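Multiple structures follow.
Okay, so chain A shows up in both of these, paired with chain B first and chain C after.
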Partner chain A sequence: MTVGLKQPPVDEGRKPQPSAGGRPPKRRRLLTMAKARPWLLLAPALILLAGLLLWPLARVFIFSLQDYGLRQIVSGKTKFIGLDNYAEVFGDSSLWTVVLPNTIGFAIVAVASTVIFGTLVALLMASLSPLWRTVVGSAVMVAWAMPAVTGTYVWIWIFDADQGLVNATLKGLGLMDESFNWFTNPVTFYGIVALNIVHHGFPFVAITVLAGLLGVPKEMLEAAEMDGAGPIRRFFQITYPTIKPVFSVVVILSTIWDFKVFAQIYLMPGGSGSNREVLNLGVWSYVESFGQNRYGFGAAIAVLLTVLLLIITAIYVRTLFKEEKV
Partner chain B sequence: MRHRSLSRRLVKAALVALLLAFTLFPAYWMISSSFDAQASSGGQSLLPQEFTLANYQYVLTEGGFGTFLRNSAVVAFFTVTISGIVALLAAVAVARFRFKFRTGILIMVLTVQMVPLEALVIPLFVQVRDLQLLNSLVGLVIVYLAFSLPFAIWMLRGFVAAVPVELEEAAYIDGASWGRMFRSVLLPLVAPGLVATSVFSFIVAWNEFIFAMTLLGGAAENYTVAIGLKQFFGVHANDWGPVMAASTIITIPVMVFFVLVQGKLSNGLVAGAVKG
Partner chain C sequence: MHKRYLSAAMAAVVALALSACGGAAGGGSTGGATDAKGQTLNVWIMKGTNPDSEAFFDSVGQEFTKETGAKLNVEYVQWAGAHDRFVTAIAGSTTPDVAETGNTWTAEFADSGALAPIGDKVKEAGLDGDLVKGLAESGTYDGELYGMPWYAGVRSIIYRTDVFKELGLTPPTNWQELVNVATVIKTKRPDLIPFPVPGDAEMLAYPWVWGAGGDVSVQKGDNWESGLASDKAREGIRFYTDLATKHGFSTAGATTWKETDVLDNFTQGKVAMAISGSWTPATILAKAPALKGKLGAIPIPGKDGGISPSVLGGSHLSVFNTAKNKDLAWAFVKLMSTGKFAREWASKSGYFPGQKSLLDDTIKSDDPLVKSFAKQMVDGGASVPVTPKFGAVQAKKTTNSMIQAILSGQKTVDEATSSAAAEMDAIMNGKKTP
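Right, the complex of A and B next:
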């Protein structure tokens, strides 16, 4: 292969065209064709993304400014009410006492547990022999592959009030006299959700951090060990700074996922709106829209969720870029 | 010294055992409950006592889970195929052509992945309703395309960019048209990437819950597996045997695909194609 051909990605205009043959009209046609080709290739994707993501994103905002109920859906008429929906959302005391604490508090606890546990698993895996690393890795994959819906049902079954394993074991050990309903108390309810989320979410953290750990130069760690640094010191002084970008990505993605948990809460007993003590932003928006037919009000909550996620994303992306520049 | 390393190994072994127990327990409990005749009557212990296939039999015949499986397979097939084709074309455009707004489009594809799809349930519900596609699998496929496309484009872009331009140029020199080059050179070389993105789209379509529940609402005959599970509640209260049997059936294809993809993404298909 000749060196001269080694150019950056082919520009269609410069592509060898044996058939063009120097006839000007045909050449021009080929040129416009070449210009149009990327857009022709992109067209289906752009149409789908615009119609299914961008337009709905604009529309959820438009709905949030309307009194949009079943009547408006059927008749197609619009009734704009300005910021009334937002006023109602922010004026609702349950937003401040239940929904936001549930959403933000849960996200903080879940992200911290997932990232810490996932990192510990990655550190353990990095210290194992290849055989055992494969064994543990496969087990971690099984936890990862478990669909959210079936995983949630298994956790409900384990904590089931009548016949669940946890209640049966606690009663069998004599620690409890009668069955305890784990799902009515918001704290135990979210404890089970957190267990479910950590179990489902730590594999991604562990596998990603492990990939980063294996790239940390061994010489640096050995040098530090010779200088007398213990394992904890080695982790925070060498490993962590080296793979900080990996942590940033893992934390961003976990935060985004844990902020908008839906199925894991909605499917739990009382999680679909009947127990208002356990609502989070996503479930609240859904319940108001599809349970009460108050789509405008639900849209306002959805906009609030989106804005919160965008702020988090923006903060993290900025720190990410800042770190890379330094 | 030797003493210390032994106790260290014991601690590590205990940690590995604990980790394996925590990681595998839900899957174990799901499978063991599904085969245990005692699961529905509440007499189940940690080890299964009475082996039975009755739960599976009930789920697949009376429970009507076969229909849900077929619906999910249909939805997943069309989602995978359409998003694969559309994303590959778009990926070729952004990886191989220089044109105006190229960077803008890349940034859009990246940011659009951050949009919480849960927040779009309301407008997408109204949109699908306006198209008269509520309660139909077509509406669901259209929505799932929105889920899988941005990630598929982003991932395939990397695979297309990894194919050496020299191979394409060699095809042109041999007199191939762009279409011929695409079919005979590019397509076979990005096939592993296409497989990987297809697996991702499959898992999205197979597991998705909130849109399936919202868009299929009343049409139980069109339910996908993720919402079909709900059908086993309420009929017989706390009938966990069938629920766990159905959950096992749902989980198996996902696990198989996870195993298939693991480690096969970068097997260096093009590594030997260009020599320094």
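Right, the complex of A and C next:
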């Protein structure tokens, strides 16, 4: 990634606006200093973010307006084509029939399963003694520490059509006569991806929610129990409202991760483009950019993915703040 | 990361050294030894289906250092992800000095401007008359040679002679016999896969298209026209996929197999017959010595006898524009593709050399394995369309997704071939690519 060092530093608010009178009264100058101080303190972080995040983002957007291929990179010539790439993305029927349904459908299922399973594990851990909590916690961490590539290959082996554990078991139990290739059908393909993602993603949810759970006042829970509230009612009427912000964070982050899942799909048999029914936005963008040398078109897909995520995040954050005000 | 940083630093040092001693490197009549003491030549060599080649390159490295004084740094790159890796390296100017490039990629990389022309050097060395024609053609772009023919390979059918003997079978000579033979294997040796049909290996599908009289894509005027949806091509593709879907000679897993998966399973002794490259028997025997003496090869049978043509594959050695010392790079290319090392590589690996004079020797070989592959190469060698755009078709996996969709039942033969032909035409006629 190129880091734009030439990017003008973001320094809004750093210099106090010259006031109309020319020589500001002492009190007002102090006030503007006070106002500027937070920005001054934030400046290093903001400059870093602008360099590392905003500039690449802007570059991707600029690429998406160009016919940008290997030849353009080597020769250094640019060729702007306006919104043609976007027109092609939106005009591609596979976007609507395959790519978007796969991306969104998978994200919904994966986020829901990850959060539900993670919360259940957190509840289990909250009720354990410190010793067993450490034991379960370490076991959970192992799943988290597994690299995505390694994890994906393990799942591929488990579901391998000819020698995999799942087919062998099903055949051994007499539930299946002939081997089934789990990777060719889009539903079973994404089922395996979901298992992989949930397995890899639930530890984060569990640990975060557990931290929230331990902060829920015991008195309130005990009082509710005295009043005769069962465990389910206690969870939804006391625990959940108390740690709702934790859930919001966990859901937003999981959504972002599950929307842009790439390696776990690309590495699966058929996932790198030969099975067209399983493309999602991330893989589609990669296959077009690097296989076809059409970086402009790939960038347009990437921009689409970013915009989608921004919209979803904005909605989440809005509802979160709205409720906090009430 | 660290390594790349180092080699970048090295390159910078080399550049400085070069500009310092100016004229010394410039004169460069390439006949004699290039003095390049202290320099390092970075080379990418493919691996995956090739036999293990590290020992070979150790001795090449020693000879190279003796001849030029420079060090040879070989990096082995898996075939499977190599195209992406090249493209990314070209985009980021981190290409090696010299690399083995698959013969269908060379024109594409040359088109992007990443390769250095080598035609003059080949002529200077007097090698231009001795290149194997098919490989020289695919290494030429816009009238200029960018890929030095290094080796050629061709795919034929390899089979287990012990299984054929046990069941009293003779190798098939036409498509019907292939079905008959595979049926016997299926019933009498259910532990074996009679004939795998992989869904992610386009090179194994083309022989059936050509064998039925169809075409992959032909140039008509300025346009390319895909022949995959023609009646003849469909007949070939139907026959090929029927081997799996109708006759059950393949396995469920093979629907998502790559060519390397076929090789792995053959090596593990699970496969009776398979289409495989001339370079694979050496690999198989190295990994599974128990199969020694049990390997046979036949040309891919034609529909009613004869031979179904298969892709004349192979590799070039290409010099990249990022190479600081092009004379040194050429010295390596010449060392590899002529004389002793070219012959040794060919005999060890089961490849055919890229030099005509050496190739003629190989074809006269008595080894029955080599003979069958040589017959396929001489009488049944064909080429995929020679254009940079075909690299894009391959990267899009147009043919692979066609075969896979048929095998998995997502599409019928007619549907799959129609959409594959349309996609191929769109890419090759530049509607979608720059």
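As a working rule, the second predicted complex is superposed on the first by the 269 of 326 C-alpha atoms of A that agree within 3 Å, B and C clash if a C-alpha of one lies under 4 Å from a C-alpha of the other, contacts with A are read in each partner's own complex, and residues count from 1 in each chain.
Just so it is clear, a residue touches a chain if its C-beta (ideal position, glycine included) is under 8 Å from a C-beta of that chain, and two chains touch if they have at least 3 such contacts.
Source: prediction; values computed, not measured.
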Query raised in the report: After lining up the shared chain so the two structures overlap, which partner does A:251 touch, if you call chain B first and chain C second: first, second, both or neither?
Result: neither
Report summary line: Winner on chain A touched-residue count between chain B and chain C: chain B
Query raised in the report: Does the superposition put A:181 against chain B (first), chain C (second), both, or neither?
Result: second
Query - Which of chain B and chain C A:290 touches, first, second, both or neither - result: both
Query raised in the report: Which holds for A:313: it touches chain B only (first), chain C only (second), both, or neither?
Result: first
Requested in this report: For A:70, decide between first (touching chain B), second (touching chain C), both and neither.
Outcome: second
Requested in this report: Could you tell me if A:162 is touching chain B, chain C, both of them or neither one (first, second, both, neither)?
Outcome: both
Query raised in the report: With the two structures laid over each other on chain A, which partner does A:148 touch: chain B (first), chain C (second), both, or neither?
Result: first
Query raised in the report: After superposition on the shared chain, which partner residues are touched by A:270: those of chain B (first), chain C (second), both, or neither?
Result: second
Report task. Determine where on chain A the residues touched by chain B overlap those touched by chain C, and list them. Result -> 73, 160, 162-163, 290, 295
Requested in this report: Mind listing the chain A positions that touch chain C in their complex?
Outcome: 67-75, 79, 88, 160-163, 178-181, 183-185, 269-270, 272-277, 287, 290-295
Query raised in the report: Which chain A residues qualify as touching chain B in the complex?
Result: 1, 5-12, 15-16, 18, 35, 37-39, 41-42, 44-46, 48-49, 52-57, 59-60, 63, 73, 121, 124, 127-128, 132, 135-136, 139-151, 153-155, 157-158, 160, 162-163, 165, 199, 256, 259-260, 262-263, 266-267, 282, 285-286, 289-290, 295, 298-299, 302-303, 305-306, 309-310, 313
Requested in this report: Provide the residue numbers of chain C that touch chain A in the complex, in ascending order.
Outcome: 83-84, 87-88, 90-91, 111-114, 199-200, 251-253, 255-257, 392, 395-397, 400-401, 404-405, 407-410, 427, 432-434
Query raised in the report: Within the complex, which stretch of chain B touches chain A?
Result: 12, 15-16, 19-20, 22-24, 26-27, 29-30, 33, 42, 44, 46, 86-87, 89-90, 92-99, 102, 105, 108-109, 112, 114-116, 118-127, 129, 142-143, 145-146, 149-150, 153, 161, 165-166, 168-170, 172-173, 175, 178, 206-207, 209-210, 214, 226, 229, 238, 240, 243-244, 247-248, 250-251, 254-255, 257-259, 262, 274
